[in-house]
Every structure is written in C-alpha cells, then in structure tokens.
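Common to both upcoming complexes is subunit A, partnered first by subunit B, then by subunit C.
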Partner chain A sequence: MKHAAKIGALFAAMTVGFAGAAVADESANVIRNGTIGYVLTDYHWALYQTKDGKAECPQGFNDGPREQFKILFPADDGKKRTLLETQLARESQIWHPDLKPEIFTFKEAQGKTGLGMNLDGKVGPNDFTSPDGSEKGIDNQLYRVIGCVANYRGPDGTLYHFNNKFMQQHEYARVLIELTGVDSLVNDNDVTLTTYRGRDGLLTDATGNSFMPGGTQRADHKWGKEFISRFKGKIVDGVLTVQAAEYHQPTTWAFEDVTDQWFKDPRFQLKINQDRAEGMLAGYVDIENFYLQMARAVSTHHQSYGQQSSPSIYRALHKLADAYPDKDGHNTAISFAADVKFVQTFIEHPAVETAAKEADTRPARH
Partner chain B sequence: MRNLGKLVGFVAGLSLAAGGAYAAEKRLMEDYVKSPMPPGFQVIVTELEGPVFADAKGKTLYKWPIKSIRNGDVGEQKNKPTCDDTVYKVNAGLMSPYPGGFTLPEVETRPSCLQVWPAVYATAEDKPVGKWTIVDRKDGKKQWAYDGFALYTSVLDEVPGDTRGGTRRKEGGDSPAYREPVSPAPAVPAQFGVYSVAKGRFLATSIGYSVYTYDKDTATKSACTGSCLNEWAPMLAAENAVALGDWAVIERSPGVKQWTYRKKPLYTRIADEKFRSYEGGDIPGWHNVFTQTEPAAPKGFTVQDTRAGQVLADKNGRTLYIYNCGDDAIDELACDNPNSPQAYRFAICGGGDPDVCNKTFPYVIAEAGAKSENRAWTPVDINPKTGKFAKPGEAGALHVWAYRGRPVYLFGNDKKPGDVSGDAWGEFNGHRNGFKAFWLRDDFRTNAG
Partner chain C sequence: MRLFTKASGNLKQALCASTVGLATAFALASCSGPGAETRIAAPAAKAGKVTAEPEGEASPRRLRLMTQEQYLNTLAYVFGPDIKPETHFAPVQRTDGLLANGTAKAGVTDSQLELYQKTAALVAGMVVKPERRDFLIMCKPADEKAADKACAGKFLSDIGRLLYRQPMKPAKVAELVEQASASADKLKDFYAGLAVAIEAMLVSPNVLYIAETSEPDPKRPGHQRLDAYSLASRLSFFLWNAAPDDAMLKAAETGEILTDKGKAKIVNMMLASPRLETGMRAFFDDMFAFDDFNNLAKDPMVYPSFTGVTTGDAREQTLRTVIDQLITKNRDYRDLYTSRETFMSPSLAALYRLPSTRTWTPYEFPADSPRAGLLTQISFLAVHSHPGRSSPTLRGKALREVLLCQPVPRPPANVDFSIVNNPNSSYKTQRDRVVAHRSNPVCAGCHKITDPMGLALENFDGAGRYRDNEKGNPIDASGSLDGKDFKDAVGLGQALHDHPALTSCLVKRVYAYGTGGPAKSDETLKWVNTRFAEQGYRLPDLLRTITLSQAFADVSDDAPAQAPVKSASADAPAANTSK
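Now for the complex of A and B:
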C-alpha cells in the first residue's frame, strides 16, 4: 500500500493467453476497499512433458498395482494362494509402507528441464532449468517422483483429470484467495493474500465448461479455519508474488474423503488482472501427508487406472525429499510446483458465522 | 395419509438382552403406515432404523438388493433369491484390481450365506398379502418376499428390535452390497420424506430438503411473518389436508394452510442448496426435525467440530472410527464384526500385526461396569490379539465400546479434537475394508447420510 497506485497502466502483457484481460481502470469495479477475491478453477501438478515422454521418461512409464500384482503372483504358475498373502498383503503395503529396497524398477523423471520455482535461491545438481532457459535452480523434486506415473500426466491421466474435476465439483475443496491492501493490480509493493475455503459452487458460462468471473463465494469461517493462511508480498508489473510459512489446502476426490495437503514455505506467483489470476503455487509438501492424502483419496482400483503404485511412490518420496530434515537428518518434505488458475469472485464473510450450537460437552445424543 | 398408526412405544423386549442390562429409553419414535401383513409378522419400531418388519420372534427382516460393484453384480434381483447353503472358499474377484481365486481367510469355518442370513420360509398354506409375496427358491423351498425382495433374518440380531444385520443409511461408494432392514412406509404427508442419517430419522421434503421448526411458534400459530418469510418458506398444506397422528394443519391466513408436526409449524429454508442440510439449524431459534433421534452415546462421549462437520468423539475429544468390511466372495459376507475373520482388519490397521493394529486404531475402552441406556451402544469384551469376542474371564481381554455390536476405534495419529486423519483409511476409501470417522454431520459430502 505504500506504493502509489498505478491504475492507469495497462496489462498488456496479460493479454496473451489470458482471456478476459481488461484495462486496469476497470478493476475499480471489483476492487472494493482495497480488496479483490479469486476462486480456484484449475489445479495441476507442474510436470514438464515432452510429446512422446521419451525425453523425461526414457525407460517408459512406471508399473502400477495391477502390473506389480501380476509380477508378484503370476496367474499361470500353478500355485494356490490365499487372499492374505496376495490382496491383503498388497493392501498392507499401502497402509503400512516401508523403506525396504524397491523390488520393482521405479522410473524417476529424468533430465534437467522442469517447471517450478527456485525455492532456496540456489542452483543445485538436482535442480531444473525452465524450458526457455530463463530460470535456473528450479526446485521440483516431486516431478521426479510422479513425472513418469501415467496417472499424473496430462491430459489423459486419470488423476490429472479427476483431481481437477472433483476440486471443481465439490465445495469441500473450494479454494479462495483474497488480496487486501491493494492499490493497484499492476504495481503494489505491499499486499496480503489470505486463503479461505469457499462454500459455494463455481460460476460457469452457459456451456458449464468455462468458469466466469463475477460470482460470489461465502468464506467458510466455521469448519474451514485450518485452511486460512496469510501470505505477504507484492505486485510487480501485474505479477503477484506472495509467500507464507505454511498452508493447508483442502482436497477431495470421488468417495467422500475430506483430506488436505500440507504445504510448507508456500508461495504463489500469479499474473493477475480484474478477472483472473493464473500462474503457479510452489513450495514443499510434507511427504507423509502427500502419501496418505493420495492413499486415502484414491483407491487402489483408481490408482490402477494409471499405473500408480503407492508403495513404490512412498519409497521415491523418501528418496527424493529435499527439505525440512528431522532430527536424524531425513528430509520430511519435497519441493513441488502446481499450475493454478483462478477467476475473480466476490468473497462474503458472514457477519456472524454461527458455530455449531451443540457444545463439545453436551451429552452425545446425536 | 391414510391408515396412520399412532405413536408407538419403544420396542418391547430390550430387557431380554444378555444380563438384562439395558433399559428401554423413553423417547419419541417414528410413526408408520399400517398395512395388512401375513400372520406371524409384525412391525417393531427400532431404536436405530425406526419401524421395521420382523418375524414372530421379533427378528428384523432384511433384503439384499442387487448392486453393481467393480467387476460384476452381487445381491438379489426381485423374486430371485440366491443366498443359499454354498460355502464359498475363494474370492470372486469382484473388486478391481485384484483377481479372484484366492483362498479366503478362515476358510475352514466360513459359513454359508444361509447360515448367516436364515431365509424366512413360507409354508404351503401361506398366502400373499399386498406387497408380501411368496417366491420359489432353487432348493425347492418357498420364501417370503416383500416388494419382490426375498426376506432373511440376521444371526447378529439377538433381541427384538436389533438391526445389527444392516442399515437403511446410504452407504459410501464401493461399499459392499449390504443387506437392509425392510420397513413399512413412514407416516408422513406426500410432501415429506424420512431419511436415515447419522443423527437419526431425518424429516425432510419428499425430494430431500430439510424442514425446520421455529422456537417462537406455537401449535396453532406461526410467528414467522413479514421479513422472516424472506428466509423461511412455510410448508403449505392443501385445502383438504387433515390432521392425523403427529400431523396437523394451521391456517396462517385465510385460505393459506401450513403443516405442523408434533405441534410445531414446518418450514424449509430458502437459502438451503443441499439436501439434508443442517445449516438452517445453526440459526438461533431454528431446528432440524427428526421423527426419532439416534440413541444416546455412552456417557462422557463428546461431539467435535472438524474441517467438514461434526464427529462423535471420546471424552478426550478424540474422533471415533467405525470399521467397514464386506468380503469378496459372491455372497459378500460381512467381515466387520468380531465374529468374522479379522485378517482383513489386521491387514489395514496393522500390516497384519495385531499389536500394530491396536496402536494404529486402538479400541475405545469402556470403564469397568459401564452400562448403556440402549442396544445401539454396548460394552463388549475383546481379545486384542485375535480381535474376536473374549471368553468370560479371559486373561488380557479388553472391555471396549461397540456400536451395533461392532467395536469402535480411535486413530493413533489424531493429535487434537476434531482431527479426522484416520478417515477413509483402507480399501476403497475406507468403505470396503477400512475405517471411516463416526460422522454426525458433513456439510460438504455425504459422510453423515
């Protein structure tokens, strides 16, 4: 807010691939009391993919539960097996993973090209360089873990599609960002971004497939307190950059899970205008949280759609984790980046968010 | 709205429970539409499921509707009972990605479907009555059916009014093809419906929107007028609607009638977007409506707020969990109770090790001498090494709380009240062989019904 407003500047740079760009002075319509809100409409892990995948996955893609099961328990070897030593043993591995040597070949994404942000300000031997070479030292080791798992690869991977679809569909995973202290959407050296969980559906156009600015979302102050985080940062030439210490993002999938992802040292880098905010969320994700969110939300059946083996991914997460060492020196978090898109929305904060009337100590007649 | 039964007292016979430890609760129970039944059958208003049909001994009747699961259909079509005396030895491969043909746990003692679900046989003299019909079984016997579905009882039900064999609550995706209690229609006007949810039998509109009552109303007059009507819509009654049982009609203004239930005018909330919402009930003075509520949880249990709604918790605020399990044989027998094989649960909560299991999902210990007011909640003795019911006086047995005859659990990694980190833990998001939090309210998904 210390920075003088530069409302007169145009977002010329934002017009490329950024539908709905408008002259900046129209933003006054949606910036109210220095505040503008957006709602998440698209979320995908940032994976660098070549057309045939051979550059980043020269050995091909990984095997999944179905393929691994066939290797472990061949149907044609004439052996009679029990459910306990087959199916239940594999499910045990998912819910009680270990760090024993991987018995299958896990194919990590290869190469030096990747997407994301330089989180630690260093250029390390395992870091990536952006495809255009403009940014070095990119930290995105999660890409090495899931980049050659078909389920995560766009546009056909089941998780790639349905993670986003269910986020759009279910209010549980509605993510709002509210910028306050905004003098200008072009340059402002002191803004605050606060995340909330929203409680309403997304506003679509008549086709139902495109999300429109101008909707309204109620911020969830009753059940969604753990999803409220404050980021500090600035806007430079229409690019918002903000950072926080920690952020819990609500996630859900098809079958009633109400999970979250726990990000450490997260930062948003978003090109913003009065209608949209698009760019990247990056930081470190707690590896145990990442693993269990995946296992709880996506069943073995659904993981099989795209050769996604939880036990193998667990070992790779521990091998490639690159931050937040525990007392024994083992890293507990892994760098990541996600492509994100938001549209503008008006965020309502209910005057009185009624807590559940029933006190915790009431007799538990339910 | 014809043939409304009067409000009935709670099921008789609870005092027959083992040890006579259970006293019948005095509370309002759901009314139902009375219709002709064949001799030997009755309706019992149960504490968990409301009115259900029962046999002459008071055993609840169940059906097994067909359900499509991942690799095929299980359950029964109308007029085609399939539950028989076959003892299945291997899994059927119904649940992707795992194939069939593997020997089932505890196969030496695995019962047949009929041993667990005794068929309700008809005699040569029996005659169909209304929806009650008689179907032919493949073994040549005759079996009673209701609305076409063959009828069974459950070996898990011990006293009249028990519904431990199954529930009418909507189960989550990829859950087994559960058996359901068979019931008469609830006695509600056509504009209304009753839904089984975690908190009881929930009164709503016929398509599922919540109905509410208002503290300032009386039995004969609505206080919701003027601006109140911007937020609340009276449940209007037809000109010829008449009072019957719990239901009555008031005239809001000349010619405009409104339904009342148990002496309270009913409304919907205009802002409600979701079916069976509790949001209106959060507004001071307004309440959701139940035809009957769930039986009380054990003394000291608490209700905790979570990231999505509310859960039942222990006295320390730690979330309770329910274990769900149906096996993968063609008859889909339950594996979620201590009488059934524990290998499924041990695999999920302990990697096969009961000791690890008891740390990951520990039992909820009941104090010595703990008693329950109802049959929904009972203290039971469990051998923690086997997961089975302990013998009387067995060394090392744990005295734990059970719901519907199945132990409830905590999750070892929940750190504080309201944590639900063990929810959806297990095969198919905890619905198939795994754990779900004891949801009472879920404002976002359908975990609470």
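Now for the complex of A and C:
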C-alpha cells in the first residue's frame, strides 16, 4: 500500500529526536524535527484600560458619528439642510478623509502607563511605561489614538469583540506561526519564526467555545505568499522574542471582507510551551492601511453605536504617527502593540508548493 | 391490537406458527417440510491434521427480529444505496454478550410498529419518486393515472422475492396487486398505488422477522436441517448483515446451497465479497458493545478535546482497524491486541497529538509509542471510563467480559463507593484509590479480577489521552493478567494476545452471532477453536469453518441453549505464554 507507506514515513519522521524515553510521551510529538507550529486564536489591540477609564481618558470617550452630527447640524437652529449637505457629506468623509482642522477636540489616551514594547530602544517624552514599571520607553502611539474610542475598548466594544470573532470564524484570517530550529522551548539562542496564512478552521473544544491545541493547518503557499514573513530571534526562559522587517497579516470583517494589516518592523514576544504561545505583537502599522481597513470593515452604523468617528481618527493617526517619514518628513506609520494568543497546531506544507516558499519569504531582520 | 394490517397474507405459512407472538421470543418447534438430501462435511484444513466435527450440536429454529442495520442494508441492496431513510429502531436487549442474541427475544410494541410503518411509508415514497421510478420499476404502466395489474405484479413479485427472502406465492402477489390496484384507482395514480403495496410489504412480519424453517435431513434420518431459504438467510445475515442476494436465492431455489459443493461455493463467494466487511463490522460492533457509544458522554470541562465527532471517530477507528487487519490483510486475530497499525482521522489526531490529513488515513504508532493494540485505542479507553475520570475497574471488567467472555459478578448492593467517588480524597492516583477500595474484603474478590489489568491502562485518561502523571503524581502502569505480569499497556496487550481465552471467546461469540444464540455444548466450540488455531487464527477461515460445519445448518426442537457462564476468577489458569 504505497499511500499508507508514505503516510507512515511522514508520521515516523515526526518522532525523530524524541526517542530518549523508553516510552514516548505523546505530548512531545508536537515538536517535529525542531519545528513547532501555532495558530492565532485571539487578537486585540493592546490598550491599557483602568476600570472606569478615568485615568487614561479623563475627558471621557470620544464622540461618534451621531454625536458629531448633532453638533454639526443641530435640529433646532432653524436652518434647512439637504441630505447631500448633511448625512451624505459626512459619510463621504469616511472614504475621503482629509486633514483640515475640525471643530471637535479629539480625546487622546493620556498618561504614562501603557502596554507594548520599546521599539526604538529609546525612552521618549511620549513613550509609556509598563503597568508594573519593568519596561520603559514603550512605543504605542496607536493607543493614544484609539484608547478613548469606545468601539476599541474591551470587552464590550464592537470592534474589540468582532475583530476577534471574525478572525476566529474566517479561514481567510487564519494566522500561523511556525518556529523552526528549536532545540528547546525554554532556552534557545537561535530560532526562526515564519508566518503563514492557514487554510483551515480552528479546533474547538467540546463546548465549541474554546480553542484546543493539537489541530492541523494547511499553510497556504499559493495565494498566501504575501503573508509569509520570516522572523529571527531566541527563546529565553520560555519567552520567545523575534523580529522581522515586514509582515502582512490576513484580516477580515463581517462578510469575510479582506482588511489585511501591514506591519513594519514587527516583533513577537511570546511565552511559549508545547500547547500555547501568548504575548504580544508590536511594531509599526502603516496609517493609510490602518485607516482604509478600518473604514472598509466598519459601517456607519457600527461606528455610530461604538462612538467611533473615522474622520477624527484619520486626523489623529496623522498627528500621532511616529515612524517611517516620507520625503516630506511626514510620518507614515504609527507604533502599535497587540495582545495575541496562539494554540499549538501541526502545520502541513503541501509538498509541491513547499519548494517555492523560500524564494517568496520576506527577509528576517537581525 | 391488530398488527400488520396491510400484510397478513402468508404469515402462517412463513412462520409455521398460528400467529406471531411479537412480545416474546420463541424458537420454531415443528416447521418441517420436504427437503433436499445432503449434509455438509467438515471443511478441509489448510495444513496439519484435520479434526472431525463432533456430532450432536444443533441450534433451535429461531425467529429473529431484523435489526435496523439489517433492514437498511437490505433496502440498499434491493432499491439502491440512496434509499436510506432516517430511522431509529428500538434497541434490543444484549443477551449472552451479544445484541444479536437479543433479536431472538425481541418483540414489537405499538410505538415500534408505528415507527416501522412510518419508515415503510417513507421508503415506498422514495422508491416511486419520479426521479427513481424509471430505473427501479422496470415496467411502465399503460396509464400512469390508473391501475396496471401486469406491471404491478411483475414489480411486486420481483422485489418481494428479495424482501421476503424466498419466492412470492401467487396468492400473496395477487393480494398485493389487488391492494396496489385499488389504491391506484382511488388515487388515480399508478405509482401511489404501488407505494401502498410496497409499504405493506415492508411492514410485513415475514419481512421484519427472520423465521427459520427446517426439513428432515435425508442423509440422517431423525435429524432436521435448515431448509434452503432459511440457510441462505442465516448465512447472509451472518456474513453480510443483510438479506440474501439474488445469487443466493437462486442457489436456494435450485437446492444447490444444500449440497456440499454448492454451499462451499456460496460461502466462498460471500467471504470474497466486499459485503463481508459490512457483515463483520456489524459483528465486531456488537461484540465490542459499541452500542455503548450511543450513550457516551464526557465532561467537557475535564476532557475539552473529547467532542461528539471524537465519539463517532473512535468507534470508526477500531472498526476500520479490525476490518483492515482481519479481512483486508488476513492477519492473526490475536495481533489486534499488539499491532500498532490503525487509522487516523482529523478529530482523533488531536487527541493522539498527531498531525492529521483531511480524512481517514492509515497510521502506524512508532515502536516506542505507549500505544499498541485495540486496548490502547480511544474507543476502549473512553467507553470504559467514567465521564470525568478513568476507571481501572471498568476497563478490567470490559476486558474480562467482552474479550475473554468471563462475566464479572455485579457489586453487592451495599458496597461503599465513597473511596473511589470522592474527588477530594487524599489518594494521589487511581491506583491508590482502587488499592484502598480493595482493602474492603467485600470488594476485594471482584476487584482482584478486574483491577490488575485495568491499572495497566492508567497512562490513558478517561478520554483516552496519554498522560504520565495524575495531578503531578507519577503513574505506575504495571499490572498482571492471570499470572502474567507486565509494566504497561503494551505488556497488557501482549498478555492478552497470549491468553487462551482470547480466541475461544471470539469463537464463542462468532458462533452465537451466526446461529442466533449460544452453542448447546462446548464440544463444537472446542472443535471450531482447534480449527481456528490450526488455521493461524484467521477470521475468514473461522467464518468458513463455522458456516460449513454441520452444526451451523442443523436444527433441533430443543429449547434455546443458555450460554454456559464461567465467571472470571482470580484463580483463573495462567495465560499461555508459549508465544
């Protein structure tokens, strides 16, 4: 039976390097030839939130389309206005935002406490310090933009909830990370992390509400080449730290609309074991890309009940962008951090497509 | 209550009883008729000396209720595999280790009858649907809006022969045609009328019950044998889990099936058919008591990876393994308990911590894996555990009762389970708990029979996942089986492989499954077991030995035999360790 023999060989190869004990511990099977895979199960922008929000948002949360509309076009001022002048003009700004001054005061997240990583190695005046004070110089200016927008705040914000839910539901948005060159999940001074887009659903538990390690994902080497990036780094005391030059993350919204994110200078910092990898993704996100994906994802009605004004956010993104200046000196990207959770998965690379993957892998950054 | 109102025609003739006593089982006592002449000699062995079959074993004529699977398999043969009604027949009582034995004790209640009727109506409607009628009904009515007796008669007698498992008597065909015609005229639809007659056939007790009839054996005055049609049915339901096909009925019509050569030809044809797989899946599903899967539930908080899909796949994994090993590869039955070869599905792969392919795939556990044989498959481990914890006792009991045919006595009514049931007890492992439980002399007797081998499976939790510790405490998986010690589950599999009761239990179960009940005496079983050993414990050879034996076709007027009960004992003889 040729097919059986082939599969047998595949499975046999899986156990190489784990024959130390007389009887193999099946949980050790998850590392094959120095390789272990994980699949993303949770993704949220990293926002430092106090219980009532008063510390980081002392002026309260930002207004959304409804509130701004009432201010711009009061119903009781006696003026007659057309639909074109009011509702349509305002909605068109979502798709055609500008940087002209507006009458609203945008409420940026305040304070010195924040979540994320020190991306530039410096401690600047706008940087944050981690809540426990252990890390200074945290670069997360996106937090200043969206930290006081109700839609983004967890656990009740619509975007907070649905961004994650749709990532879990939509196979397009399946994010895989594969660690190779792993000698130990505790300490290893040279490992490589490669991202892929997966093609399969997440493995759920018996309740259907949680995600389990042990599933299998097919890496997309054909249509998902854009999402293959290579990170280099190390594992110290069970914490993986890796960095790359660029990373595109497949992302979707309600009807599996594609809202991919483009990240520059990204890095993962994850506490890892054979079942899970949890921690943070940080770097810089292209502000035009961020805005476009946000606008594409969230309709006016979602923005309205989440008090999220896209035109105001667009101005704030440009104001607070802190990296990758263009030829005119305007920054084009903004620092960010995201809380991420992965569970272990076996990653299957279609044999005929694997050969092509090296050529299309984005370069690692050392 | 009037049962089977649409089909009461030749019931008396077919069952050789005045009425069908649907509430209780009985063996037909005096159904004799003219018959052919032959007797079946013992089959020749492939090698080595051929022992002679003992005389005297004969099963009672039985009346068995067709199982749901048999009913559906028969429909699939007669009408095609897409005639697959969603139905759930009532379960029968497990008797002497098999559900199949329970079919000879099964009755039909009002509500069951209603279910049969609904199923029959559903099937009849499917058969005459416009998209099927042209190829299922091989004649066309002169007018679709009126009766056509010629076409109805042709169709009903053709399918009736397959459903009733013998040629239709002209009077019965006429009765059904009359029914179809009256309905067609009334409904102004030939096919609707035909559906009424089909429905009547499908709820007929002559269809739903497999009634065995006999005839004098011409070569042995005073002895009775199954008549040709009953023999065809017994063979077919045994090996294919379905009614006889056209070729078998032809062999019955000509009497060929009653000759040594003809019967061997039929048996060999059946053993070579892909339908043997269906038959043997049904047998092992029954023997392994896999109907327990229908009620299997695990606490999702304790075993989050064990889902509803896992349940179905665990059952399927074992059945695929059995069929692959015993039929496809014709391996030694005992190797089922040591072989590392199996099949893997995506759902199971997650529990075994393996990468999966998109569908079922052959898989072999590596040589250093803690898993080898059926005992270490999730089916055995999960079914014989509690919803939230493993159970050395349940696993040991199942090993004794299911695989060694050694019934374990029930616990006394006043047994104190507090030691094993208290989740907050001070005992670190299941071993500690059962050892403490065994300190009670009332419990010790039985637990000595079950626990030493059940503890060898403690490296697998209640969902069948591997573990090397229980709440941080290392697991000692050593154990013993009837004098043979081992250090883990792989050793237990080898001890079971070498246990003499393993093969004799299979012989006992296969024989009972094929003939509808336990053998009267051990002599025939011993003879079959000897032949089984001589032939290297190959299942197809065992099936051939049993089906071609004289005992298989001989019937008696005796009351049904009770299975001899030999309880498991801590003093049981030591396992055969010669291999």
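One rule holds in what follows: the second predicted complex is superposed on the first by the 323 of 366 C-alpha atoms of A that agree within 3 Å, B and C clash if a C-alpha of one lies under 4 Å from a C-alpha of the other, contacts with A are read in each partner's own complex, and residues count from 1 in each chain.
Following the convention adopted for this analysis, a contact is a pair of C-beta atoms (placed from the backbone, for glycine too) under 8 Å apart; a residue touches a chain by one contact, two chains touch by 3 or more.
Model, not experiment: these values are computed from the prediction.
**Student:** Using the superposition on chain A described above, determine whether A:96 touches subunit B (first), subunit C (second), both, or neither.
**Tutor:** Once the two structures are laid over each other on A, A:96 reaches subunit B alone.
**Student:** Looking at A:214, would you say it contacts subunit B, subunit C, both, or neither? Reply first, second, both or neither.
**Tutor:** second
**Student:** Identify the partner contact of A:266: answer first if only subunit B is touched, second if only subunit C is, both if each is, neither if none is.
**Tutor:** Once the two structures are laid over each other on A, A:266 reaches no partner at all.
**Student:** Which partner does A:283 reach: the first (subunit B), the second (subunit C), both, or neither?
**Tutor:** It touches nothing on subunit B or subunit C.
**Student:** Of the two partner chains, subunit B (first) and subunit C (second), which one does A:233 touch, if any: first, second, both, or neither?
**Tutor:** neither
**Student:** Report for A:66: first if it touches subunit B alone, second if subunit C alone, otherwise both or neither.
**Tutor:** Only subunit B; A:66 stays clear of subunit C.
**Student:** Contact-wise, after the overlay, does A:198 reach subunit B, subunit C, both or neither (first, second, both, neither)?
**Tutor:** neither
**Student:** Specify the partner with more touching residues on subunit A, choosing between subunit B and subunit C.
**Tutor:** Ranking subunit B and subunit C by residues of subunit A touched puts B first.
**Student:** Shared contact residues on subunit A, subunit B side and subunit C side combined as an intersection?
**Tutor:** Shared contact residues on subunit A (touching subunit B in one complex, subunit C in the other): none at all.
**Student:** Residue numbers of subunit A touching subunit C in their complex, please.
**Tutor:** Touching subunit C: residues 1, 3-4, 7-8, 10-12, 14-15, 19, 21-27, 29-30, 32, 203-207, 210, 212-216, 346, 348 of subunit A.
**Student:** Quick one: in the complex, what on subunit C touches subunit A?
**Tutor:** Going by the criterion above, the answer is residues 298, 300, 303-308, 346, 349-357, 361-364, 366, 368-370, 465-466, 468, 488, 490.
**Student:** What residues on subunit A touch subunit B, complex-wise?
**Tutor:** 65-66, 69, 75, 80-84, 86-93, 95-96, 170-172, 199, 222-224, 226-227, 250, 252-260, 292, 296-297, 299-301, 304, 354-358, 360-366
**Student:** Please output the residues of subunit B touching subunit A within their complex, sorted ascending.
**Tutor:** Checking each residue of subunit B against subunit A gives 70, 91, 95-99, 102-105, 172-174, 198-200, 281-284, 293-299, 301-310, 312, 317, 328, 343-344, 347-352, 356, 417, 420-421, 423-431, 433, 440-447.
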